[in-house]
Every structure is written in structure tokens, then in C-alpha cells.
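Pasting the structures in now, so scroll down.
Heads up, the next two complexes both have chain A, just with different partners, chain B and then chain C.
Let's turn to the complex of A and B:
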């Protein structure tokens, strides 16, 4: 196993692990924005720059995707590495000056502010890290959003900037967004969930008991399809009756019960179970 | 169509055919070589071709034609004087030929064997009329290897290429060389990547050959996008088979069976000719399964680019080939190990590929004999800008910039003074007059803060504002940045913001230092070469023309008088005839004056629109 020496601390990592993996293993913090362990590394934010010892010279590399193939010496806190990271952070602060999350990260990096004015438009502080795009493609398998435009005009959008038909309203994009650009909005009156700012809307499954929204019908369908139960399920979209009736299976008692339970919100489900326990 | 067997089953068959083509008796054949490159076509070469055809037809009707052919060829190079017509066998070079001239050329030169002095190139120094291209200084200083057949052969005819010795290098490699020997020969030649990076070609091939896994791919990069550059276009349009032959030899050396040529869609003629060339090569068995009856198989597919400059970068190009957005990725794992579809891929510029047949034919030693210690062979440049002879030139490495600009290019247009030359495309640097004796080689240009790049040479004269040039290229790069990585997207936007301020007269003290700080962030942290080199125009202009930045920022003055608002218009009282044209045309009534008496511009009212300067028939309006 190759050894990675980071600022004098040595750790052994699997061949092919990244410098960032090694640093995290060694307990050394390197700031990241576009990195997520569940997703491919694109190294687009350039915040995780570190210095790599090349013998007679040192090269700035991104820690999140530099593969360790043999013993390497890395400097995280060298002047040049810190300066590179600060430079990138200052540019990001200029783009998204109102992002609280970004300010906190900057402070942790010792960046007090930025000397650059705001010259590029960012949609609600979006820093174009691309995590949302990757999670939608690689984890959810939908590719409902992608990058539109080029250079300074680059934005994250659904195709043609229209509400996406592929969006299942899962909110994974919002969950991974490091700067809170993407929001999941629940429209109770229409019984819909909206992924903002992409304007994609999906019907919500509502609780039979109390009418509270549970989750997007399409997420439910996809989840059940993934576990192989898709054909067994009746879905009820908001006040539209049964969407589909599942086939009768051998588990005659199990399915009706599951069907019923899926139509309850977690709170009502808990109350129902509690009630059953209290008076069998 | 090709007058050859449908498909050569063996190398011997092909060689026999090639021999018969090459030994064809051409005595008595008169031919008109007409440049049909994009530049000449824009000046009406297509119509000239029709007129020559008609002339031949009517002459043969009268029984006078004999063996006359008109041959549409690729770019001849001296684009400044297009359209260009060369009449063989004497090789008389005509320039700026117009439709009415065709009949005269045909009657006098083609039939009569006499030159038409009116259409010959006149040497600006001696005033002599020069008949042959070789006598013209523009061609005399050049050394044409890659472009040797450009302008001689019809790019749509494989037989023309074979007759000129084409595909003999492939035969040589297949019959007498192992793949290792081919790579060794290229190594001896010392050939380096002509796309701009300058990476040793043989080393790249060897890494790809020894990379694990397969299939392996080879790619010809024809996605030339630098403003003012058209080397690759002219090569693909003028001699597409040389690229194909180079790729065939490379594929044989690397062990690849599939190649791609990635061409800009904005080069329709190059796409068309490459397509024709590939299908002709397939037809006679030079591409496809079991080439010339050997066990070597290789085929090429054309891919048209979608118009993104960044797709000239290898990883972005491969992403685009795969059908994904053309954005680069980190190259910590090289493309020779994991490139197209994650397979070992060898990408070279089309000019690099076109050098290969010559190296195999004439030997690596011969090639290494040209050029400097570390930069071997020749390089094609497109010489454009404020130069007397714009055009396509091929020169040995190590030639000085001065010789290219003054001997080949004929100096600066309109007798102006040279200010700078930009090499290496938009990411290159501007080299000033004091470094004109610098030799053109990879290291020397890099040391001067510029680079070899793919071969654009943009010449600037004294009227060019260097700050504005830096702004222009920064603007270009920001528009072409894919926007994936922060420093390129945000850093270039900040740079443009500062440069726009300076050229508008809003520059602040400290702006230059800010630009330098941004340049450092860009070169250290950008993801790909576009971003990492994007600051070159800014850095090199600061390095060599700092006084112009200071004049803009501190004195609010543009020394080249190009930045509107940073100079004023005045009327030269002595030159002014009082004609009143400026007065009539001034949109804000800022000019006053009696007829036949010198006029005056009211500086307070003047909006610096420049109308008076354009309209004055006596050049009495001055920029000061």
C-alpha cells in the first residue's frame, strides 16, 4: 500500500485512493465544495488545492481526485497551497456574496472577505459545483437537471429551462447542495412538491388520515420498483382515487395492510400502531 | 472516379498501381493549378474554375486543346493575393486573378506559353516581375514539408496523392518496419506535438502502445479554433490523405484499429474533402479490414465539432466524441491510459499526423536535421494581422520572428511601425520588437511569456492598443470558457471587468497588480490548459507594455489612440481646407468654423464618435 505523507504525517492508503481520502484518514481537513463521497469527483470548484512534491518542483493538484498510485508527499498548509485555496474562495465569495454557508467555510479557511466585486450572475448563490447534477444522474438515475450555457453564463437548469418531466421530486439535489440554492417547496393546496428553482412539480402522496403530505408519488413508485414491489402497489394521488391496483398476490393479508400503511403519514402510522398496542 | 481495381488485395498490387501512376508520361501536359482554398473561393475562384473549363472545352472544339487540364487544388499560401492561378509546365504564378483575366491567361500562357506580366507578382523592393513562385520572397524563405503537396494536388483525388508519392510511407512501414521501429524512427526525428503542447510524439505513442487494455483509439485533432488561425483547415482541405496516411502509420505503431478525426463543423470544405478522402481510401483497401492484404486493420470516422473552442483540448474533445458536453477533465490519469470511453487513446494534431509520412519516407535523421536542438522539423503558421503578405507559411523551427515577419510577410502594411506579434493563439503572449530576433522554438517562445500554440501569428502595428488587445483575448477566452471550474469562469470574468474599466478610462491605481494576482490564481488552479494559460495575453502585455497600462490608468490616455474616450479629436488648422464636411456630419454640432477657414472642435460637446475623422477628405482631423 502506498504511503501518503501530508504535512509530515504519513498514512497508508489503498492504491487508487485520492489524496483527500488519505487526508481524511489522517484527520487533516481540506476544504471541499464539489466533493461528495457517493459521487464521482469532477474537481470543478478547485477549493481542495494542495501541493504535490514532484522531486525538483511542486505542483498544485486537487486533492479530491488526485489518485495515489505510489508514495507521495503532499503539503496542505504550505503557503502556496493555502494561497491557491484562498484565491479560489475569494472568487467564489465574489460570485455568491450572500451565501451564509460559503461565508462560514471561508471563515474556517481564514478568508475574511473578498476584494473582488460581483461580476457574474448566480442563481440564489449557486456556485456551480454540480453536485445536484451528479446526484440526479448517478444516484437517482434521472438526469432531470444539467448544466446550461457556457462560461460565465453557465447555470444549472432542467432542459430548455422548463419544468422537467423526468424530475421525480425526490429532493436529492437540494440535500447535496452546499449553499442552499435548491429548495424543496410543498404546495399543500395543489398537493404538489416543487423543486425550486427548476420549477419542476410532482404530485404528493397524502396521508389518508390527516391529509398531510407524505412524499412524492413518483419517489414512492421508484422506491417500490427498486425493491421489486412495483406491480403490487396501488398509488393514490391527491383526491384522484386509486392510480393503479396491484395484482393479487399470495400474501393476501400482507398487501392490503402495506397498502393501507403506505397511505399514512409517519405520525398517523405511529398513532395507529400505538392505538393497536393499547387495545388489541 | 478512381481508375484502379476495386480493392488492392496485396501490397504488390498497390505498388504496381502506384508505379504506373508515378511513371505516367506527362510531357506535353499543360495544367492550370487553381487554388480552391477557402480564401480564394471567397474571392471567386469557383467561377474562375468554370471559366477555365469552358475555355478548355471551346479550345478542344477547335482542336487546339491537346493535353490541358485545370486542377482545383488546396491553399497555395499567399492568401493576400488571392485568387491564385499557377500554369504548368512553366510554373507561372498569377495572383489576384479576376474573371476577365481567364481568357488572356488561357490564350497567352496555356496555349502560347508566354507570361502575362500584368498578373505576375511584383517584388516591392526591386520592382521586378517574378514568374515562378519559388522566386517570390514569400515562398523562397519557406521550407515546405507538410505543405509540400498543398496547391499541387487535387485533394479530391487519391490518385493525385499516390502519384505524388502518397501512401509509400505506409507501404514502407507495413513491409519493412515493426511497430517498435516506427516509433523509434519518430523518436529519432524528435517530432513534438504541433497542436501547441509540444509533447514528444514518440513518447506519447509508446505510452499508448504499452498501456494495458483495449481497444485503443487514435484521434486526429482538427478542431482548430484560434482567431486568425487556419493551418489545420488548409491542410485538411488541401491534402487530406497526408493526415490519413499519418494516422494509419500511427495506428499501426500503437496497435489501434479505430481512428477519429474531429473537425470543426465551421470547416465545411475540410469535412467534405476528408469524407471523400476516407471513402476513396476505403474503396481501394487503404482503410478497413486487412489493409492491402495484411493483417493490419484500421478505419477512420469523421466527427464534426459543435463550435466550442475548448473542444480543442484533448479531454474535452474526447468527451464531445463520446456525446457528452465538451468539458475537460483532470489529466492526472493520462489519456494514453484512459481516454476515449476509458480506453487508451492517442490524440495528435492533424499537422503532427501529416508529418509522419515524411519522417517514415525520408528517415528520422533527415527530419532531425531541420530545426533547433529541441524543436525539430518545420512548423506551419498562419501569418495574419497588420502584415503586408497575409498567408499560410511553413518554416523550419529556429527561424527568427523577424525573418517570418519581414522576409516572408513583407513587413508591416501601409508602412506602419511594428509593435508586437502574438503567437500561440488567444492564450499566447504578445512579443515586442526587442525580441524579434527570438527563434521560433517551443522553449524560447515559452520563455518570452508566449507559446508555440497551434501556429497563429497575429502581427500588430503602432495603431494597436495593447491593453485593448489583452481585453479582446480575455473576452474571447471568457466566452469560450466552458465554465466548469471556478478560476477560469470567475477569474476571467474579474479580469475582463478590470480590463474593460481600464479601456474605458475607469482604471484605478493597483489594477495591474490585481490582474497579476488573478493571473496567478488562474495559472495555478485552473482545471485545463485553456484556463491555466488564459492570463498569457494579459501578463505578456503587462510585461512588455506596462507603460501603456500606466498611460490608460494614470493619465487617462490611450497611446495607440484606439480606446474611445482616452484621446480627443482636433483639427489641424494648416491641413484644414474649411470644406465643412466634418461640420455637416457631426451628430452633436461640436464643430464650428466658417467656410474656407480652419474649423474647430468643441471638446466639451464632442462625444468622440470619430465621424469627423472618418469623413475628412484631407486627413486634417487628428487623434491626440
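Let's turn to the complex of A and C:
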């Protein structure tokens, strides 16, 4: 296994692991924004730049997607690496001046504000890291949002900049957004969930017992489909709704029970289970 | 709509339903319609089983794709180095202000599509404006506006062309 020497600390990692993996294994902090372990690395934020020893010269590389193939020496806290990262951070601060998350990270990196002019309103607060685009494509499998335009006009948007028909209102994009720009808004009156700023809206499923919103109806449908595919074949049976007919016992009781439980909010579900335990 | 779906079908079959040929397909669609209609893109995405967002991303990435119909006339203003130094930026601003149009946009009455282009290869004539293939040299803000105000609907232009050709 190759050895990675980071600022004098040596760790052994699997071939093909990244410099970032090695640093995390060694307990050395490298700031990241566009990195997520569940998604492919695109190195779009450039915040994880470190210096790589090339013998007679040193090269700046992005730690999150630089694979370790043989023994390497890496400098995280060298003057040049720190300068590079701080420079990137200053640019990012200009792009996303309102983000609390970014300000905190900047402070941790020793960056005090930015001298760069702030970007225009339409592009404000998005650092174009692409995490939301990747999670929607790779994990959710919907690609309801993506990059539109190019160069300085590049933005994350839904098709035609209209509310997306493909959006299932899962909120994964909001969950991964490192600068807190994407938000999930619940409209209780209309019983809908809105993914801001894309304006996509999806109906919410409400608890049969107490009327509290649980999750988007389309997320529920997709989850049921996934569970159906994973647990009971043939698939045909699933889509016809009479799941478990072919394969008896476990599924026959599991499926109606699951459907019933899905109609309840977590609180009511717990109350129901507790009630059953109390009086069997 | 029916005609539309058969057009999509025809284009998709032309490239053996290969998703890798998405750009040529979109080019063909634009050649047929003059632009990329929303419904056609939607139908194409569905036919190829790719997310609509992918098509929209491609359509917005390349400057040659347009999502709105073209105007009756095509107006290009050169923004190359020489034209720029001779004041084409000011001309562009004047046109945008007068006709309430954005660069690479079309006027509300679809009279013309205005594009700021990089170099039309006629630097000696700077600043240059090209209207429907006709070059106007040494334009100023005033003369450019005058030329554009003289533009009529497409039919008239076609008739004038025909007359010219006949003569």
C-alpha cells in the first residue's frame, strides 16, 4: 500500500484512495465544499488545494480527486497551499456573501472578508459547486436541476427556468448545499413543499391521524417502488399493487402494513406501536 | 402536435436513436423549426429517455442554439477589436435602448434578432453592422438606428429582394 506523507505525518492508504481520504485518515483537516463521500468528486470549488512534492518542483493539486498511486509527499499547511486556498475562499465569499456556513469556514481558514466585488443578484449565493446537480442525478436519479448557460452566466436551474416537472420534492439538493442557498419551504395551507429557488412544488402527504405533513407524495411513491423492487419479485406484481401474492407469508403481511404505516407521521406511528405494545 | 411527434421520430431515427448524437439531433430540430420549441425538446427528451435538463443544459451552453423564434431580420453588430475601438459598444447600447432588446435577443414585435458578434472579417470598414447579410460600414449610433428603423416585415424584404433580383 502506498504511503502518503502529509506535513510530516505518514499514513498508508489503499491504492486509488484520494489525498483527501489520506488526510482525513491521518486526522488532518483540509477545507472542502464541493466534496461529498456519496457523490463523484468534481473538484469544482478548488478549496481543497494542497501542494504535491514532485521532486524538484511542487504542484498544486485538488486533494478531493487526486488519486494516490504510489508514495507521495503532500503539504497542506505550506505557505503556497494556504495562500492558494485563501485566494479561492476570497473569491467564493464574493460569490456568496450572505452564507453563514461560508463565513464560518472562512474564519476557520483565517480569511477576513473579501476585497472582490460582489456578484450580481441573479447569481448571488450560489458557488456553482454542483453538489445539488450531482445528488439529483446520481442518488435521486431525476436530474430535475442542472447547469444552464456557460461561462460567467452559468447558473444552476431547472429546465427553462420554470418549476421542474421531474422534481419529486425530496430536498436532497437542499441537504447537500454547502452554502445553504437551496431551501425546502413547506406551504401548510396548500399542503405543498417548495424547493427554493427553483420554485418546484410537490404535494405533501399528510398524516391520517393528526394531519401533519410527512413527506412529498412523489418521494413516497418512489420509495415504495424501490422497496417493492428490492423485496419482492416479480416486478409486475408490484406495479399491479397486489404485491406479495406470488410469494406468500412475509410479504403478504409486510406490504399492507407498510402502506398503512406510511400514512402516519413518525409521532403517530410511535404512538400506535406503543398502544399495541401496551394492549396486545 | 402529431406532425411534431412524427418530426421528432424522424430525427431520432436518422441517428439510430443514439443518445450520443443529441447535438446533431437538436441541430436538425432547429433547422426544421428555426429554433428549439419547448414542446419539441420535451418530446425529444421523452423519446430518448434522457432528463429534459440535459437538453436544456446543451441548448443554453451552445450559442448556436436558440430557444425563442428568430426575428424577421438578422442584425449582427461586430464587436471585434477594431470595431470595438471605433465605438461599437456605444452603438450596441443605443440599439438595445432604442428597441428594448438584449444582445442575442429578439425585439418584442419580432422585427429583428440582434446579435453582437466577435469579428465579421471586415476590419477596414469598422465599425460594421450586418443586416440580413448586407454589410453596412462605418456606422454610427445614429446611422445604425436609422437603418434599423427602415426595416419592414419579412415579406416586404423578400419582395424587395425579388424585385432587385428581377432587375
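Keep this in mind: the second predicted complex is superposed on the first by the 243 of 280 C-alpha atoms of A that agree within 3 Å, B and C clash if a C-alpha of one lies under 4 Å from a C-alpha of the other, contacts with A are read in each partner's own complex, and residues count from 1 in each chain.
Here is the rule we go by: a residue touches a chain if its C-beta (ideal position, glycine included) is under 8 Å from a C-beta of that chain, and two chains touch if they have at least 3 such contacts.
Computed from a prediction, not measured in an experiment: that's the story for all the values here.
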{"item": "Which superposed partner A:8 touches (first chain B, second chain C, both, neither)", "value": "neither"}
{"item": "Partner chain in contact with A:166 - chain B first, chain C second, else both or neither", "value": "second"}
{"item": "First, second, both or neither for A:149, with chain B first and chain C second", "value": "both"}
{"item": "Chain B versus chain C as contact partner of A:158, first or second or both or neither", "value": "second"}
{"item": "First (chain B), second (chain C), both or neither touched by A:37", "value": "neither"}
{"item": "First, second, both or neither for A:67, with chain B first and chain C second", "value": "first"}
{"item": "Chain A residues touched - chain C or chain B, whichever exceeds", "value": "B"}
{"item": "Touching both chain C and chain B, counted on chain A across the two superposed complexes", "value": "146-147, 149-150"}
{"item": "In the complex with chain A, residue positions of chain B that touch it", "value": "308, 325, 329-330, 332-333, 478-487, 489-494, 496-497, 514, 517, 520-521, 524-527"}
{"item": "Contacting residues of chain C [partner chain A, same complex]", "value": "38, 51-57, 60-61, 67"}
{"item": "Chain A residues within the chain C interface of the complex", "value": "137, 142-150, 157-160, 164-166"}
{"item": "For the chain A and chain B complex, residues of the former touching the latter", "value": "42-47, 49, 60-62, 65-67, 80, 84, 87-88, 91-92, 94-95, 115-117, 119-120, 127-128, 130, 146-147, 149-154"}
